[in-house]
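One structure below.
Here the chain labels run A, B, C and D in written order, and each chain numbers its own residues starting at 1.
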């Protein structure tokens, strides 16, 4: 049994179907990538899984039990956390303050470790709105990782980062996932990065599931090549 | 920064024009000379009542001018300390404290509303100043809220309503409807009028109360029309009164009515606004400008010289307050508030409204009340006094709740 | 909801960035020491200001400051601008009046009752409004407090509130408040110690709460409510607690107001009173706890000295615009900025354009400002 | 209950509809609850008083909205545009300050006295409709407001500018990226919004009495209407305005003191039931 599952997730905005009957399951220690062109429903998908958006139909399961109607807060306390595509940090607080604040709620034995891994220990006294954007993304990630979550849903952690920052970010994600045995979902625009980082990949297009499987098989999938990789590459 | 500048310049320009057309000046303060009678005037200078406030001050000014022209009162010069309030009791109280403690005023006048007087009465003794109320009509001011130092010059609501009730038989109409403001005065006026009307053998077919500050009387007027009434007793003041009259006009309510009897509804300052459509309306009148006595003729002449127009009840009642105060000072031979207060007990004096008496039990001035009809006269409107009612008839016994 | 950071997201800041260093017991103790010193020094005021009139102005300002303090607390720590705190101030004032006049309670019990009632009202109102943010919160607090005003002037409420006539407080004979008779209570010099202590103690309490861990939680909610929920925090309860706490301070002010004035006018619950207190607090600035207090003292001073001809609101309107346009952060915020600049310690590079990545309502450009975030 | 009472409700509703549609337009686009809207409406009524005094009411109904449109242009150019990057609350409080200034300005120009405006001659009497005798002027208000509402909705739905306004009201930043001239759209919306406040003031002048408190008296009600209707939804505001006018008038027939509380009750109930207002969309 998977630790975290989405079954038949469907999200409708009025008549528009943004997400159409998608299944997914995450395993501890594996990074599961989700890719797709703009408008594929990636953000809607992570919102539906994380409790930001209530799905029109379908279920979200944690350890096999239905948590579809649970709040974001409840999910977090049960070990499901997420990060945000538009950087979501606490602008007026220092890096240290806000991580401590989150750690206070989520019992983190090794806050120093997280800060060190993400290179934040040296800027702990800087006010968050004044640090570089790339570093803010790391803070965002750190907030999601505090409290030893079992499932981490990452919404485009590399958005807005330059190439080498991006590479470093994905390395961090993979390292943390392996070290802490976390089930990670990585929604990302950067296709190559996903192929490099992820153990399993799901491809979405126009709200529909196009393919899912290990990187090699996805890369070879005809539908994927036709609809997505072919045009993008 | 540039954007901020545009916005700020715009704001400042707006403000500058405003300040240019409207910085009201006031004179206040004086060098303390114990041989002057210092009267602080605290009228509303903003809000819907500002016009009345201005006119109240005019009454006092004429009184002070005449007194000073005649060598003062008891040999002392009269000095007016003109302040202002927004008619909020808290403001009025603060200004009164300032006038008494800072400017040395011994007497207070031109305070407008009953709530202001209620708040002021509660603190008069502490302040050691006398207040002369020529505008706040609430009965409680001579009842539970009365003060040894507060003098009620204007008629109370009860006196007004009793004056009207006394004359109900002179007014045409058998089926009366009552339209009153949903306010203490509205309810007590309605109750008393109803009793008087029924005693006079009239039908009261409906009573309704509209909240204060009602702007749309449409549904009330529709109900009035549906009630089949042929006369209306209306207790609506200020903007509410104007809205009611104007909308009644649009609904052609007058066609159905023989009588519209207003209670404090139409008065001289509103004649121009309301226009000819109120000709034929009846209303209580506090003061008869044509009263045939020498003091009144002197006052009307002096006031008209000062202001270019004849007085109506607001300046007149304030002038009457001044007359009462001056009589008290002369009687006491002193300007000490406590001594003047004692001298005023049950004092009778000749005034612009004939002989009046200040009743000691509740500090109410006993004076006539009138019923008037709005008539057209030389291009405008004026009140024609139909009858007057004696204080014996109008004034209730002193309220036992008044423990001064 | 929203997010911080992209550098072009220039937003206003009526709230001066509160980059306070928390959790240092040393600073906390210094703060407390300063507070107690201010309290003691302030008690001497009636001996210095012997003029009754000046004294009564100071007293008025002190009492009204408690209302502004409550408004300022919500603005400073949660970025929530309230037009409804007048409701707690007014309710407490009326409660004192009713308990003493209608029920013949002792003044001390009446004051305690008033604070509890005002706080209870804050709790009920808070449940309805704290989920909203930005304009939603502003309008809901305005609407609910106006509803209360309309109720208070209903003729059927006359027995309790005196409706439009206001409520005169009359004591049973021989009743005293901590040894003061009703006549003493009206005396500003004699009443001063109560009002001053209440203000300083309320200020210290709010300051300590603001610096506590709870204060950090509030700041987190102000900065990014959604992320707080996604970090496992309940964001409703802290907002409710803060609302009730600020409402209690306003209630205390209202109770003292009634004790001193002896008369409650219906305007106390009106739109103008709510607007005036907010403007005073804004002009003072929300950045430091003293801001709203300073604003209120200035406002009371201006009211006493520049109100002739009814031009007070013309002036406050102008001042409000000037402050909002040129001096975000109000008077205290601007002074702080100037001070920092002189000291050369201004770390804020982006200060010139307003601090980036912050937003008072924390949901700028969010079309669904009224959306209540469901806690589920 | 009779037809006249329903007409009374429609008349009040019409006034609220005109007033709130202007407020809703500005709110939807700029995200700012314009606290000066009540002052604009009051200014409109007072200008209508002066204009109809000299040139007749018929002219006032054209001149006043134009004059207010000019004020709207000033408002946009001097405040909304230069300060558009400020938070909405700050901008809202600035309009609060503007309202305080404008209210005083009106008093300084026209005085504090209650004033009265007469409707044009041919609308002064009553007409018979649905078997009841009803003031012709109130019928005219209802007709004018309904025509205005229909025209506004059609314009927003069918014209190019209308499309741009709707797009910008959805998301002003995206609209700008899509090449819509947001500055131009905003200028049109703010001036049209204040013109509508001017129209409401003109219509109100012969309907209710003019006094300096009239702006504030309506401001809170209209803000409530806009929130109840759903922020940014002009049609929602119109429907809520008409609905509130009807409910309030009809409850006045039943109990005047209850009717005063109707707007507040409506707001609380609607927001508890649908936090985004009747026509609001849930955007996340």
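What we mean here is this: contacts are C-beta pairs under 8 Å (C-beta built on N, C-alpha and C of every residue); 3 or more make two chains touch, one makes a residue touch a chain.
Values in this document were obtained by computation on a predicted structure and should not be read as measured data.
Asker: Please state whether C-D or B-C has more C-beta contact pairs across its interface.
Answerer: When the contacts at C-D and B-C are counted, C-D has more.
Asker: Average the CA atoms of each chain to get its centre, and name the chain whose centre is farthest from that of chain B.
Answerer: A
Asker: Nearest whole angstrom, what separates the Cα centre of chain A from the Cα centre of chain D?
Answerer: Those two chain centres are 46 Å apart.
Asker: Where the centres are mean C-alpha positions, what is the separation of chain C from chain D, in Å?
Answerer: Distance between chain centres: 32 Å.
Asker: Could you put a whole-Å number on the gap between the CA centroids of chain B and chain D?
Answerer: That pair's centroid distance is 36 Å.
Asker: Return the residues of chain A touching two or more other chains; collapse runs of consecutive numbers into ranges.
Answerer: If we look for residues of chain A contacting two or more partner chains, we find 52.
Asker: Would you please write down the residue numbers of chain C that are in contact with two or more other chains?
Answerer: In chain C, 154-155, 310-311, 314, 317-318, 321, 325 touch at least two other chains.
Asker: Provide the list of chain D residues touching at least two other chains, using ranges where the numbers run on.
Answerer: Residue numbers touching two or more other chains: 83, 94, 97-98, 101, 104-105, 107, 257, 260, 284.
Asker: So in the complex, which bits of chain B are touching chain D?
Answerer: Touching chain D from chain B are residues 2-4, 6-7, 9-11, 14-15, 17-18, 21-22, 46-51, 182, 208-211, 213-216, 218-220, 222-223, 225-226, 238-240, 242-243, 246-247, 250-252, 269-270, 273-275.
Asker: Quick one: in the complex, what on chain D touches chain C?
Answerer: Checking each residue of chain D against chain C gives 31, 33, 83, 85-90, 92-94, 96-101, 103-105, 107, 170-173, 216, 220, 223-224, 227, 231-232, 257, 260-261, 263-265, 267-268, 271-272, 275-277, 280-284.
Asker: Can you list the residues on chain C that touch chain B in the complex?
Answerer: 51-53, 56-57, 60, 153-155, 158, 163-166, 168, 170, 183, 186-187, 261-263, 265-267, 303-304, 307-312, 314, 317-318, 321-322, 325-326, 352
Asker: Considering only the defined contacts, which chain A positions touch chain C in the complex?
Answerer: 50, 52, 69-74, 76-77, 81-82, 84, 86-94, 97-98, 101-102, 104-106, 127-130, 133, 136, 143, 146-147
Asker: Under the touch definition given earlier, write down the residues of chain B that touch chain C in their complex.
Answerer: 1, 4, 7-8, 11-12, 14-15, 18-19, 22-26, 45-47, 50, 83-84, 86, 88-91, 93-94, 97-98, 101-102, 114-115, 118-119, 122-123, 126, 138, 140, 144-145, 182-184, 187, 209, 212
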